[in-house]
Structures are given as C-alpha cells and as structure tokens.
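Both of the next two complexes hold chain A, though its partner changes from chain B to chain C.
What follows is the complex of A and B.
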C-alpha cells in the first residue's frame, strides 16, 4: 500500500453488465516506470477493466488509487485529469485536419486574437520528437495522408502531451510490421524511463515477453495471477489464459472428407491478404485462427465478394467462379455472416421475418412482385432449428437479446440454403445459452453436408467445432492443425503467435 | 514510392484550389464564346447579382463546416428583407416621417437593421439549439424552419412587397464611387460584403475559434475528447448562418428598395445557388473542410456561367441545367474520392512491399 513506486492500484474492482459480472473483484496494480502486460482471451475483461480506468463506466464498485490518492473515476475528463492517458485501438482522428491541429485540438496556442502558427508548429515538432517522428512528419500534412503506423505514434504523442502518469495501450501493434513494432518498443522504453506506468494489452506472446516487466492474466472477469515476466514461460501464460475448461468436442467423430466444395488458390487482395490457398470439403468445418490484424475478416469479405479481389482462383462446387459481387456469390451458394450484426448484418428496425427473408427477396419474387408469404414455411423451419425467442417472427429485431439477434442473422443466411457458409465471429457478444444453440446448429448443418468456414478469435469455439484449423498471420496462411493430430487451445494460440512446431501442415 | 507521394500531393493541392481553375476556365470559355463577356458593362451587373449569394454563402459554409446543412437561409433572406423594410417604415413614421429630416431616417435605419439582424440570428440560434441539444438532423430542423419562416414573412408583410418610404439609403448604398469601367462595381454594398467576407475568412482560418470549428466538423468525438464544447460550436455556426443570411437579405432589399415576400420561389432559388456554390467551392458535405472565400469564388463562377450562357444566346433553362450538371459532376467526384479512400482503410503497410513485388511478378507473367 505504501509502496511509493505504485502508480496505480485497483482494489476489489467489479463491474456488472446486465446478466454478467464482467469484472469480478479484481486487484490490479502498476508501478511507475514499468510496462505491465494485461492478457486474457476475448471477453476476459481486459477492455472493460481499462474502460473503468478511463472513466467510461462510472458505476463500478471497488477502490482505485492513483499514487496513494483514492480517486473516483466518473467520466473521461476526470480520468484524464488524474493522469490516465488512453491510446485507443480505434484512433480518434479528424482525417480532414492537419497533424498539428489534431495534436493540439482545443488548445491551439494564440498570439493575441490570432493563432500562433510558429508556436503551434514548434510544439508539434517537440511533441513528435518524443515518438521519433519529428524528422519524418510535416506538422502541416493532413491526417488522411499519414500511414496507420504513424497515426498510431501521433496518437501516442498526443496522449503524452497531457503528461500522463499512466498510459494504457490497447493492442497497439495489430496493424504494424515487425520493424514498426521494434520502433514502437524503443519509444515505449523511452517513455518508461521517464517514470510513466504503462499498461500494455496484447495477445501477442513474443511481444509481451520482449517489452513487458510484469504480466497480469484475466479470465472470465477474474484475475488469475500477476507474475514477473522473468519467472513465467510462454506455456504457463497460455495455460493461465485458457485455463483447464476442456469443452467437449461437439462433433461426433472426424470423418475423412473426400468431396471438395470450395477450392481457393492464391487469393490476394494487395495489402490485406496475400496468396491464401485452402480446400474446404463437403460437411467440413474449417476454423481460421488469426490474431487482430491478421487478415481473418478480410479473407471472409473477399471470398464473399464484399471486398475487391485482386488475384486468385476460386472453384466452388466444381465450377470456377470469378468473385464479383456478394449477390453473385450468394447465387453460387456461398453466404457470409459478417462480424458486426448491428452495423453490417441486421436492419434492427425491421421485423425478424423481414430480416430473415431480406437475403432471398429475389427468390421469393415473381414477375417483379415480392411474395413474402412464400417464405412462411422456411421461417417456421428456421425458428425451430435455431430455437429463437420470442417465437414470433413479426417482432422487431431491435427488441431481441443479443443472442437471439445473432440467431436471426444466422437464419437470414441459412435461408439462402448455401453450400458454403462463412461465419465471422458467429458468437461474439452472445450469452452462453445462445452460444450453445448456435454451436449445435453449426455442427448439425455440417452433418447435413454444409461446409463451414469458421473465422473466430474465440479459442474454445474454434477447438470444439473445427475439423481443421488454418492459421493466418500478417495476411498469410502459415499453417494448419488437424483434429486427427489432436489440437487444444494452447496449441492454437501458440500457432497463431507463429510457433511453427505445433503445425500438422506448414505452408 | 516517394514520387507517387509527390504526385498525390500535387493532385491534392490542385483539388483544394480547383475553384480558381474552374473560374479561369469559365472566364476563358465565356470570353471566347460570348461576345462582350469581359466588358465592364457586363461584369458590373454580374458582380452585383453575386453579392446576395456571397453573403448568404458565408454562414452556409460555416454551418456545413460544422457538419450541418442550414436550408432555412432561403427564408431567412426574406425575413431580413421584410423586417428591415417594415420596421424602417414603422420607426420612420414614429419619428415624424418626412418632416423630421435626415436624423430620423438614419435613426430608423439603424433600428431596423438591428432588429432584422437580431431576427436572423435568433432563427439561427433556434436551429442550432434543436440540432445540437435536441440531436435532430439539421436537414429536418432547417427545412422545417424554412417553411415556418416563409409563413412568418407572408404574415408580416400580408403578402405585399414592402418598400421603404425614403430613398436616401438606396441612393447611397448602390451608387458607384467612381464611374470608371470595372471600378464601377465598387459600391457601399460591395464594400460591406467584402469586409464581412474578409472578417469571417480570418475568423475561420486564423483564430482558435475557427480551427476548433473545423475539428468539430471533422470528428466530433475527437473534438469533444480534446475538451472543445462541440454543442456550443454548432450553435454558434448556426447563429452566424442566420446572421449573414439576414444581412444578405437586408442589403438586397435596401438596394432594390423592395422586400418581396416570395423572393427565390421562382427562378433560380438563392438557396440552391448557395448550396451548389458551397459544395463546388470545396466545402466537404460531411464537415471539417471548407472556406468562405472559395464559396464566394464559386458563386462568381456560377454567375459567370449564367451570364455567359445568356451572352451565347441561351435561355434560363440552360442556366439551370448547367448549374445542376456542374454540381452533379463535383458531387460525383467527391463521392468517388471518398470511396477510393475507404478502400484503403485497414491496409497493412507491412504487406505493401510484398504486394508491389507480387504485382510486378504477375503482370510480367501475362
């Protein structure tokens, strides 16, 4: 308690969301001048814990001390005032404005009535120097012309302007190349020397080992352990994150799959995914694992025709197809369930019936007139299959729980009767019960002969559903784990971190 | 790599200043195609017509930079015009009319100006409050205000054209200082508009207030996080819009010595002209970028097109068509640029080198 080097300590902090205890009695402390890694699977509570620190959730319980001062963080500006600086993954950038205006928004220096441009430029350069960009970036350049990597550093410099005593970085390397990561680490070490306490959220094990001094692992909203980095091994960390919750493999047995349905060769969208090749068989569930920024969603979107494809050959059901548009791919029997149901998947103001049938309006129409009545039987069938609650398709989709909304989204794509179904994070933000139903439905569908490409960062989900797991890293498919060889969450996580020894097949 | 960056910077710069190229192009074409286009006798009335939309365009641009549309300006012009005329007559009569001498005229005009400007600013304040605090889309708020204010003007003027009962100010405000070719465009009205334009351009580009407004329009969340009072900025931008629209209407009415209640309902609507000019002048429709000076240059450009088309012997219909097509081209270009930009979002810089190699290898294989 009286340790003078402790910059931040959180004591018995909890945060409830409707239905779940997102943070459960967590103690967490960070020393001045250390990099403290915060790790855990998706949904473990890392981001929630840090949002409490940022003042975004005023209704937490427990105590927070900055230095030895007790504080109550009720809003973001309060958190800022006590010295908490957040470098967000989603950068808050005004793209139309210049670098210097972005960095000093709201506090642009004045000389009399007018702006002191010289002073602004000087201050910007001084601030950029702290992140090593003062010779590379013109303060007068527009933010939209700045690369993502440099934007990230500029965002850091902006946060450092406020002289924070605690700086939180959420997955700062997800969009960076390895050289850029090294540059970032150099800067982090500099900042550390100045006595700033840094919380570093990441999934990337090698990075954490390289940059962090201590690590705290969260799982299911609880703190598992805080350890010195020197005393912990990669395997131990993975085990702490994953735990021993061995979920039963949901599929009865691994068949040998013979009939290829989707063959992809050298699929490329320059700058996003390069030379992706794989084969998906009838009735198979192929999991695709990759950390943030690996190109997982991009792969799904390219195959579905949502994003342009620059190069590559795709054979679907024995027929070579050119990917041109989503509707064309739907006609060929490939459906894509997008990652974000609220912005991309569902029209929340429409009814469930309208949402489910929205993907087959063309098929239910004749001579230009739409006959939604024809879809009645299909809706009944899907409602029974997915156990959607409430069992009334005329209810507005916005009134449903997250889990049932996700089922509606799944029903929407199943109504097209696809040969290949691409699922992008099919159970994100979904309660346990709905998750189970969705998982069982996926397995059942595969048993009936549908092929599934499962893009997910949820390790238990990947492990319990997939027949094979392909691993993406930095836009490339680097290898594959087959169920026959036995895979578990530890192996998958190690594989996604580029640990090549665990692969069954290496590319 | 470096070279493409330089190129795109050049293209950026040209695009930023496109309105000047447009104007030059229009002037060249019209000079060649329409005889007498460059004569002072043609330029002077053309500039005179441009003064109203230039003034209204100032506030309209401010509102759009903050990320909003202020469609109510179409009616606020008439509010300013009607009130300044009506209130002048009321106070002139109160002060004794013709028998009271010049002092009464001046006092009545000052009171009328203040009241009309206050009315315009008040409309802007109402717009701003509903948009900023009520979180209603500006389109809906200001189109409602447009209708309400048209109603107000009809009620106020009882549907009649109002003329001032004194010619003193008209004689002053519209008289050129010098009867010299080209310099004859300089009148009091011209000077007032120019000064106000300069004032607001400086406010926008050279003060913290202006830079903060850009920030609010560009990314409201980021501006808010940086401690800028975003609601207040939006409200202020609407007040400015109401103020300049009213002032535009006031000066126009005074120069004609007539406030017509339905001005703009037939012919080329000043609202449409201002909207087209603001967008063609480079103000981004979603906010965060723009310039009142460029809006003014765009107004002049469009007026030059109208004028030149008449000089070529084409009618009113072609004027409207030309303005619409110009706007269409600019909006399409803008949308395409946004689309190109959105495609690149999320691109991994670490893959770009490899992407270039792959591209090269593949194109040589073909």
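What follows is the complex of A and C.
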C-alpha cells in the first residue's frame, strides 16, 4: 500500500449467502487516527461487512490489508491477533462478577495456582484510565452495580486492552443519554489521537456529523460512496442511503377518509409511550415511524393488550374499550402481528394449518369441541390470496422459507377478520418477491375497508404504503406527515431524527 | 451486531425432512412392540395367551391411568408432574375417609382433592412460569409431609371398624363429631366394596383395565378434539405464541395440570383399594415411570407433539418389557435399573430425532 496512514483496506470484498450477494465488491478503507462512519439502511450489509472484518465469515472473497500486510481472516481470534477490536451493541457481561474479573476474563494474571489480585487490580485501573473511569469505578465493584453507560465504556476498555489498531463500534450510543454520548465522544477523540482507526456504525445522523471524519454509505450490499464529512450534507447522505425510490409498490393516493374506526387518546405506559393520540379511519393505512427505542413496538403491544396500559382512552368501532387482554382485543376486531415471528408469532413446530387457525380455535369451536374443518375454506382462501408456497397447509411451518413463514403469520391474523390490523415490521427478513406480495396484500385489504397501523423501520415501505405517517420519538408522538405535506423518505427520516418541524402537529 | 437481519435469502433451512426419522419419531413405539412380542414368543410359547396378555395389561393399568394424565402436562411443554405420587396417595387416603358416606361421595372427594392440587400446580407454573419439575417436586414433598403429619405417621385401613378408628384419621374425627350417625354405618360392607374395586373382574377383565381404557379414550378426545386440547397444543409448542394468539395461556396450563392430578387421583383410589390401605407411599415411582412411557410413546418433551395412542403404546411397551424380564427370571431390582437405563436412552433418542427434524432449538 502506498498510503502509510491507511490502517485497514478492504478490496473488492464480496460475501455470498445462499441465493443472495450480501456484500458485492465493496472497497472500504480506514485511515489510522480517523473516525469512519459506516452507514446504510437495515440490511444494507454493514453488519456483514464488519463480521467479515471480525473473522466471523471465513468464506468471503476479495483482499483485506491491515496496514500494508495482506491478511486472510479465517476466525475471530485471528482477527483479534491482527488488531481488530469489536465493541458490540450487546455487551458480554458476567453480572455477578467484579469489574476487574470481567475486564480480564480469560487472561486473569496468576501467581502460581492462584489469582494475582493485586496485579489484576493494577492492570484494571490502568485500562480504566484510558476511558476516563479510573477515578469513578472501583475495580472490585460488582458488574451488576455498574450503569449501562459505564458498562459500555468498560467493554471499550476491555477491547482497548488488546491494543487494537482498528476498533469497530456498532451503534454505541443507542442506549445512552445525550450527556453520556458527549462523554463517549470525548473518549473516542482521545483514542483517535493515539492513532487507532475507528469504524463507527450508526443510524443517527447528528452524531455521525459530530464525531466522524469520513463516511461510507452502503446500500443493498454495494458501496455507494465514501465522502469527507465536511463535503456532505444531511440531505445528500439520506439520499445516498435510501437511493432512488424502490419502485416495488406505489399506492394510488389519497382518497379522503371519513369513518373513524380506532380512536386513541393519551395512551400511556410509563417509561415506554406517553400520551399517544391518533385516529385511524376505515380503509386507512397509518404508518408509524420511529427509531429503535422510540416506543413503536410498545405502542402496538399496548393496543393489542399484550402489555399493560397505565391510562388512555381507546374507542374501537364506536365502542369504548378497556384494554385488558389480547383475546378481548381480538374479539373486538384488533389483531397485532408481532415483529418476533419466531418467538411470538408462529409455533414453528406445528403445521401451517395449525398455525393459521391458532388464534381462532375458540371461534371454530362449539360446545367445547373444536372443528378445524370449518376453517378449511378460510385457509384455502388465504393460501390463494397470499400465494403461499408450498401450497399444502399440512406442511410444518419450520420447513418454510422466511418469506412464506411471514405470509403464514399474516394469514394467521387475517383469519381473525380484524377491523384494525397492527403490523409490526411485516416484511422483516423477507425476500423481495414476498415483500412485494405482502405489500400488495396490505393495500388490497385496506381497499376492502380494513384499517392498518403500520409500524416499520423500513422507510421505503412506510412511504409507499402509508396514507399518513406519524412520527414517534422517545415515546412521544411528535407529529405527523400527510400526503398534503408531500412526504418522502428524506423528510420522514429527518423528522424521526427530530431535525425539522416541518410537519403539521394535529394534537 | 446492529438490528440487521440477514439480507435477502439468508434462509438456508432444509425444506425436506428425512421421512424415516419422521416415521420413527411417530410410530417407533409400535415397531418396538412388534420386536418385543417376537422376543416374548421366543422366551415363552405361552406369551400370546390371553391370560398373559391380560396380565401384562393389568400390571400397567395403574401406570396407564397416571400416564394419560401426565401426558397432558408434557404435551403442554412442562416436562412432567412430579406430584403425581402424592396426589395418588392423598386421594387414596381421602377416599378411605369418606368411604363411610358411600363409594361415590368418596370418589368425588378424592378427585376434588386431586383437582385442587392440579389447580395450584397449574396456576403457579402457568402464571409465574415456575419450573414445572422443581415446583411439582416441592409440591410432592409438601403433600407427603402433610399426609404423614396429619395422620401422625399411621396408615389408615378401610376395614378398621373400632371406635378408635374415628380418632386416627384426619377428617374422620371431625366428621364423627359433626355427625354421630357415621358411627353406626355398616363399615364392614362398605370396606368390602371399596377393597373389592381392584379385584372386580367384570367379564373376566379387571375393572381397573376398563377404567384405564376409558381414561385413555377420554384423554384422546380431550387432547385432540376439544377447544382446550387444541389450544394446549399451541401453548405447548410455544407459550409466548399461545399467549400472543389470544389464548388464555395460564388457564390452559392450569387445566393441563388438573387433568394430570385428576387422573392420578383415579389411579390412587384403585391403588389404595388394591393395597387395602391408605398411606403416603401409595404411588411411589409412578411419576418417573409415566414420563418414561410417555416419551417412549413419541411425545416430545418440548411439548405440542404426540398423542394418547402413543402414550398407550409406551405404557404397553413397559408392560411387555417387565413381563419378558420376569419370564426370563430377572428380579424387580434389576428391572428398575433397566427401566432407568431405558429412560435415558429414550430421552436421548427423542432429543436427537427432534433436532434432526429441526424442531428443537436446543
């Protein structure tokens, strides 16, 4: 390599998963002493690229250079040995052990057969100093008494112990308050000065502008561009991330909606959602946009009766409802499709038929006896409507592809014939074909009079399907965008970041 | 890493399953019965005589009743009901105490006791998600302590007619105080009727065998044909999915444990009649044997899979094994070891075949 300042350089790196090219010929380089932001929508390939760097995917193609040395990263310990340090979003902590034991897990200094506590303490203090915690934290404190934010810094110190030349930080601020973020940035700048190359993955635009020197945007597994932070605007960055609109489905817009089906006033679950109010009309698709932790999923769960509600008024189909249980809300005509298909949505061990009918066993029963035969016509109809493959309802659900499993999940909730359907990430982890199909089905159902509350982090999905988009931030509904405001992905993303208040606030 | 799921097509699951594995998983036990029958014929030419077959069935009929109940708990994904032995014992004791009012009230009182035990178990496990094995084991100890304490360590005999009897029981002294009339009841004939339960042979077949078949048929219908049974299948496969499907998961789990205790009560009554004594040790070992039979019958420990037909197969297999071992002259203690070993093998095979089918997350 000619440039001596380059700490890491990935050349024409590709990674194939069966049926798809997750990373497609990506060039990526990071200089020593810089913070390089890696951005992209969910599924763009950021994680895969960094997992290659961490040695988790040995079957990549292309070349990787650390400094000027070509390396072949076959496993995580090898990646560590060449100087790659990963700070993950999810921390690996033994909560009932002390800070120092956690910090040096696996390489605790020994004196003969016994642990050298003095040495351990001394080393821990030295490495805590690097993240500015040496005066705040007692190495002998138990990890469970340490705050989330300090744990994250300890994790960082742990990674720094190995003296990495490249440090990857994956969404390090997602659980931090703004002051804590500032502290973290201060430390990042310190580490940077020591010549460490930092890869910083984040969805939060303002942070990236504050801390990063350069930015690389990935989309659909391809690199779009690498730019100096000074030469790029937020709008440009968003456009690079989102790309041209995916023309998979565009709904014919804006008929006026007159008949309210679901009215929610001041719905609150302390600590999660606060005073959420909105009205959903017959046949309307109301999108709810919000970043992780905004209360998006909690809103769906509260309305469905899966989580307790502290207060709030809910009128469903002209009738005031007290949210008490899921079965009650289902009876009233409100169904909730969970974002966790495998843990909350489908019993993978059962057959497709059993899964689809699982929420209407009661309805298909008379005098205590269940008549699954009565659901046969319904299943046939749903199979045809959703084009589920293979077309045999007796097949076990675990044998289906992700896309078809998601269709089964949708079919399960459609079988309850809901007035209001809450969809939480209805196309997560689903291939393009199934995604398009699910989108078409949603719009068609809305056209037939079903009301949809669409909770999604997929921007193109929200923009192309929704009639209105409400924006949630930190549990509050901070406003909504209507087609009258001319919403596009750009505007919605900025709104969710709290960047602009261009949209109308109704309540 | 970040909240990214694998990009498109990351799904690499097998779409076809090994049909042999599936077949063994589902009908393996009947294949085993076939093999054992062959072995039986070699060991003894009289193996298929109706007397011997009836002997085999009679020997496992109590186990069959208990297993039919515990099957509901396992179907529910809760590994087992370890309080079955004491539920059996306590039901026997209660039925002896209330026998003085007639057989039917005695049975009702015993079964009601069983239902209460099951309801408590089910509520704790269903509502608070307690580990079923640990909780029911604790319950078993509590009940054992309760029985031994309240009867001051004595056993209670159905045919004890003296004045003293009315002081030895727990409910009896109470009942005697409230109702002097029970002192005059013709105890001997009542006791004879009660003790005769286990030795009645309508049409040459023991009564308890009829009861076992009745219980199994009822269990089969409840498990596969009723609303409860089908909701139980969903909750058993995945508690969270059941709950998120609008099913009252706590209630469903509760009912499963109540089925288990109810059936254990019925077995307990017959067991007490057979032994002619109500005591804490009635029913010992039945928990473990029942679980072995159920797993042997192809019911998955992780819930939602299997049927009552398999349970019968498993129970019958245990009967065959025991019969063959006795015929070749292997004693009870050795038989116990063999059953224990069988349990280990069966659970291992069960886990393995499930994993092969991709049905288990383990």
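Criterion: the second predicted complex is superposed on the first by the 468 of 507 C-alpha atoms of A that agree within 3 Å, B and C clash if a C-alpha of one lies under 4 Å from a C-alpha of the other, contacts with A are read in each partner's own complex, and residues count from 1 in each chain.
Here is the rule we go by: a residue touches a chain if its C-beta (ideal position, glycine included) is under 8 Å from a C-beta of that chain, and two chains touch if they have at least 3 such contacts.
Computed from a prediction, not measured in an experiment: that's the story for all the values here.
Overlap between chain B and chain C is detected when the two structures are superposed via chain A.
In the overlay built on the shared chain, the residue A:34 is in contact with neither chain B nor chain C. More residues of chain A lie in touch with C than with the remaining chain of the pair chain B and chain C. In the superposed model, A:467 lies in contact with neither chain B nor chain C.
Contact with chain B, but none with chain C, is seen for A:274 once the two complexes are overlaid on the shared chain. Once chain A of one complex is fitted onto chain A of the other, the partner contacts of A:180 are limited to chain B, with no touch recorded for chain C.
Shared-chain residue A:155: touches no atom of chain B or chain C. Once the two complexes are laid over each other on the shared chain, residue contacts for A:424 go to neither chain B nor chain C. The intersection of chain A residues touching chain B with those touching chain C, taken from the two complexes, is empty. Contact residues on chain C toward chain A in their complex (touch as defined above): 1-17, 225-231, 233-234, 237-238, 240-248, 300, 302, 304-305, 358-359. Listing the residues of chain B that touch chain A in their complex gives 8-9, 12, 202, 206-208, 211-212, 214-215, 217-219, 221-223, 225-228, 284, 288-289, 341, 343-344, 346-352, 354-355, 358-359, 362. Interface residues of chain A facing chain C in the complex, by the touch rule stated above, are 17-20, 22, 42-48, 50-51, 88-89, 170-171, 201, 203, 221, 292, 306, 325-327, 329-331, 336, 338, 343-350, 354, 358-359, 361-362, 365, 368-370, 372, 396, 398-403, 412, 428-429, 431-432, 457. Against chain B, in their complex, chain A makes its touches with residues 76-77, 92-97, 101-102, 105-108, 110, 113-115, 142, 144-145, 147-149, 175-178, 180, 268, 270-272, 274-275, 293, 295, 298, 308, 310-311, 474-475.
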